[in-house]
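Next come two complexes, and both contain chain A; in the first it sits with chain B, in the second with chain C.
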Partner chain A sequence: MNLLSLALGNLRHRPARSSLTVSAIALGIAAVVALTTIAWGFEASWQKANDARGTDLIVTRTGSQNAMPSPFVGAALLDQLAHYPHVQEVAGLLSEMLSIGEQSPPIFVFGWAYGSYLWDHLKLLQGRWPADRNEPVAVLGVLAAEMLHKSIGDRIELEGQTLQVIGIFQSSALVENGAVLITLDRAQSITDKPNKVNVLNIKMDKTATEADASFVKEQVSKTLPGFAAITSGELVSRNTVVKIAKAMSHVTILIATLVGALVVFNTMLMSINERTREIGVLQALGWPRSRIMYMIICESAMLALLGGLIGIAVGILLAIGLEHTELMRGKIDAIFSIPFCLAVLGLSVFLGVGGGIYPARMAARLSPAQALRHE
Partner chain B sequence: MNRQVAPLLVIALLAGCGQSWATDSRETPPGLLEAVQQARYSDGFEVRLAITTVDAQKVRSPPIKIAVIGQASAERQRFLVRGISPEAVRNHYLVTAKNAAGPINAFEYGPDDEGHPISVDPFAGLFKTDFVIWDLFGTWWDWPRQTAEGLGEVNGRRCLWVRSRPAALLQIKEVVSCVDKEFALALSTKVYDSQNRLRRTIRVEKLIRKNSNAGLMAKKITIADERGAYSEIDVYGGDEQYQVESETFGVLERLLGKSN
Partner chain C sequence: MKLVPQSAQPSPDGATPILDIRNVSLHFDEGRAKAVNGVDLRIAEGEFVAIDGPSGSGKSSLLNLIGALDVPTCGEIYFRGQPYSGIADMALFRSRHIGFVFQTFNLIPTLSALENVMIPVLGHSWSAARQRSKAASLLSGMGLADRLHCFPATLSGGERQRVAIARSMINDPGLILADEPTGSLDSVNAQQVLELLIGSREERQITLVMVTHDRSISARADRVIHMHDGRNESLGEGG
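For the complex of A and B:
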């Protein structure tokens, strides 16, 4: 019998304790996986939306940290920005979370400058795009159409205004698939924010370099007090919701690590206490201390590995379940990657080894005579 | 300079125009009442609210959505309330104003009768909810008797209870507010009538940081009446720097011009 099968056998002899330990580790790991993938997914889906549009820089208020940057009058800034070198186009955007009808959960409503490049990346699946900047119509993301049970020709109500659904589109960004898209002018009218935008999107021309983008950033900071030009990644990372989601994920990792290590520590300590005579026999048979230590650490690592594998599976299912709840659908896109799962598994094994070291050392330090006398 | 402002409900809870404050032995901390006054001043703001009424049997009504545009200074406050949904309130308007020492004037008109507004009671609930126009003005901060009543806690936040009483007997006899000293924000406001009955309790249930990052504002408020029914008010949208146009309060100004 090799050492690994001996360790496995030891765990099997105490099924209740082993399964409780595995469950505790699995729960902690599941929480880590679910929260982290959702936090990253939330950040990535927003960045993906900005990247898909072809936006190179975003001009926003410097103080804005909320989910939606605070609105400002965009016209004067737009003219100034359009004259910077290598700026191909500047487009205003106004977005809000609004309920469609009386009882439905809020959904993203994007108002995009009519005829701007922002619309170019979308694939129209059915219907048509708005014919002019003031047409009282909406196009729905494919997921939004499904969630709202709306198709071409149906009507939706936004803040008391009735709009006809004239198109259904698909985007490479989940947040856009789950959104209602209207022209900027219509959005300003619906939300009573005449001439205002949340952000101005800048598209640089093809010859623009990073130095050109930096120049625009610098010029905005020098000439437009209270505003900043930032990349989509910077905008998303400044978002309070993203910050909170990430902070929660970090705290969960910390708590799960501590709890996991303590659970393994406790389990292995109790196990060694119960198996003192057994360890004494092994020592009397000539087992070196290092081998006894190795056996105990193997046991704790096995517990943690199994807990980690189950936790990753449960965490993925939990995140997928959350993605499909009515409130969150179309807003988050949990990200699962093999490197992340391997890292979590590594964390789990680390917990097992870390929690098992002290009990293993205790076991190895026992003298055979004392151990054999133990009742 | 356009000042950062607190949305309507914060203003409602914090409003005050008084220039002099008579105090007794339990004086309010220096600067607190001035801070409360300053917090509500605004060159223009807009908030959109969803009001859900829950009756004494806990039956919830469908939400009523309204938009409120306001301006407030030491000299004058004025508000425009627009019904958004459902259909019954859509494009029904209420315009109301109050000068520093004057009474509250309030008028209501529907989508088709802009020329024929009717005068309304500022103590009545708006669109059959517990949302009362009189509360918008926070008139009690203007009353001469303001006393500190000790520290309290509302939803886990420490605050100072302040009792406000008018000089003469009014329809409302007393208002007791618990003010968060750090943010000059009333977290709870109890309104008592001339018979000393508690008419309603306004509580800030949820706070969010202002876009300007200059403080906190109410995100969710409950207004409970004496029968156990209450209204939940959710601030779901708005603009802290709303541009008030000359026509925004055009109807109000014409009405006030006529009445003068």
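For the complex of A and C:
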């Protein structure tokens, strides 16, 4: 027997209260884990999509804070950018979130410049690619095909235009697997945004260095007022939705921490009130105040540790469940990291210890004689 | 903790008493309630002293003062010549020198009999094996060798009190304070517990101070102290 086993025994002796406390902590931690992994997943999914395409820089409107920045006429800019040193290729891209049919959840529709490098990283599983820039056809990501229950030869309707499904592809990026892919010209026609793009993707040649990319950034900044050349990471991090998701996860962490600490605090106060006499006995038997404090803090830390472990497991399951819901499927790839889980566990134990300190001090300060008289 | 005699008066036989209580009072409610009121008492090493008296006469309060669970309002208590007021760590003092036996046993319900006996030495420098073997040996001496791993809820009242007596002895204390140890037991168990307590005290030469209402127990004591309105009256030898 040691102090830890004694603390554990005390918790097991009050199973209902211990379980409720652990559940409350677990709920808070689960919310933190689920929301944070989703927020990170949202950010990572977009970055992964940009990285998979081999894009080095993205030209967008300076003030645009959206995952799909506001469209602009891209032809003139494209020509200018293509002449910068070490720029191998510039490709326009127009994205929209559209519903396909009445029952379908909103789905990403990407319009990519026909014949551009953007298409190169995709693996065609079935069918073929569009034959020209104006062919009224679509290729579907594997996940999109599954969600829409469409296969080669079927038709989909986008904003009043009917397109034939001619291919199914696979990408290393979840966002693309869950998308409908059409040519840029077809996308401009469907969305009634002639000649417009959300972004221009720049691919540097193989000899390009960081300095060359910086030069392009500077040139865009100097010569194209209102536009900026940024990396995919920078584009994602300035995304308002990502910012809101992260802010929500931070607020959740704050609320979960406060609630968790208060729950532990309340539980330990009740426990000490019930065990006043027992604490008096321990004092009479020669236990120093420090040992009594340590025992109480061990109990609160154990509650928080268990709540943290369960919360992390539930949070991961919740995030997996969320990313598979009809609305989220193919859009978010939840990110689970061991360092994050360990940090959350550390936070949980910290709030447990924090919530247990005052009750522990209270217990340690009890007068032995008064504690023994307590009924 | 080494106790260095300071200013306690020696007994008439020249030996320093284990307890020298001088004009000790314990007042509550700003002096309006006097639980203990000017008690003077000396108890020799190895003596068995019974404290009796009506309810509210201050017996348990005096025992709490002797056990350093309460601080006297005035007066001083000396343990082997060392004044309580000069002891910096009272918890350590209790853990080294005093064993407690309570009327309601006060065992920890989440621990087995063996673990309950080990509680006072938990966190000491003793090895786990030493704690365990000493506790098992004490419980065997109490006739509970086959009940080591039973929890208090599964033990009879007499068995629980025997566990509590074993617990009070694990530190080899010089002084055991028993507050009506048979008060919650039937007569058969009360007799068994009393015999074990007195037998252990004789075997280990422990000083025993026992609060009791039971005249038959007082009769077994070396000396009976009668408490009345917070004051003590020595009634001389018990048995």
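Simple rule for what comes next: the second predicted complex is superposed on the first by the 374 of 375 C-alpha atoms of A that agree within 3 Å, B and C clash if a C-alpha of one lies under 4 Å from a C-alpha of the other, contacts with A are read in each partner's own complex, and residues count from 1 in each chain.
Basically, contacts are C-beta pairs under 8 Å (C-beta built on N, C-alpha and C of every residue); 3 or more make two chains touch, one makes a residue touch a chain.
Since the model is a prediction, treat every value here as computed from it, not as a measurement.
Once chain A is used to superpose the two complexes, chain B occupies space next to chain C without a clash.
With both structures placed on the common chain, the touch criterion links A:282 to chain C but leaves chain B unconnected. In the superposition on chain A, no contact is made by A:207 with either chain B or chain C. In the superposed model, A:191 makes contact with chain B only, not with chain C.
After superposing the two complexes on chain A, the angle subtended at the C-alpha centre of chain A by the centres of chain B and chain C comes to 130 degrees, rounded to the nearest 10. Of all Cα pairs linking chain B with chain C in the superposition, the shortest spans 55 Å. No residue of chain A contacts both chain B in one complex and chain C in the other. Against chain C, in their complex, chain A makes its touches with residues 1-3, 6, 9-10, 12-13, 277-278, 280-289, 291, 367-369, 372. Every residue of chain B that touches chain A in the complex is listed here, in rising order: 46, 48, 50, 62-63, 65, 67, 69, 83-86, 90-91, 208-209, 211-213, 236-237, 239-243. By the touch criterion given at the top, residues 61, 63-66, 69-73, 96-99, 102-103, 106, 157, 159-160, 191-196, 240 of chain A touch chain B in their complex.
Note for the complex: chain C touches chain A at residues 64, 67, 69-70, 89, 91-96, 98, 100, 102, 106, 108-111, 115, 118-120, 122-123, 128, 131, 167, 171.
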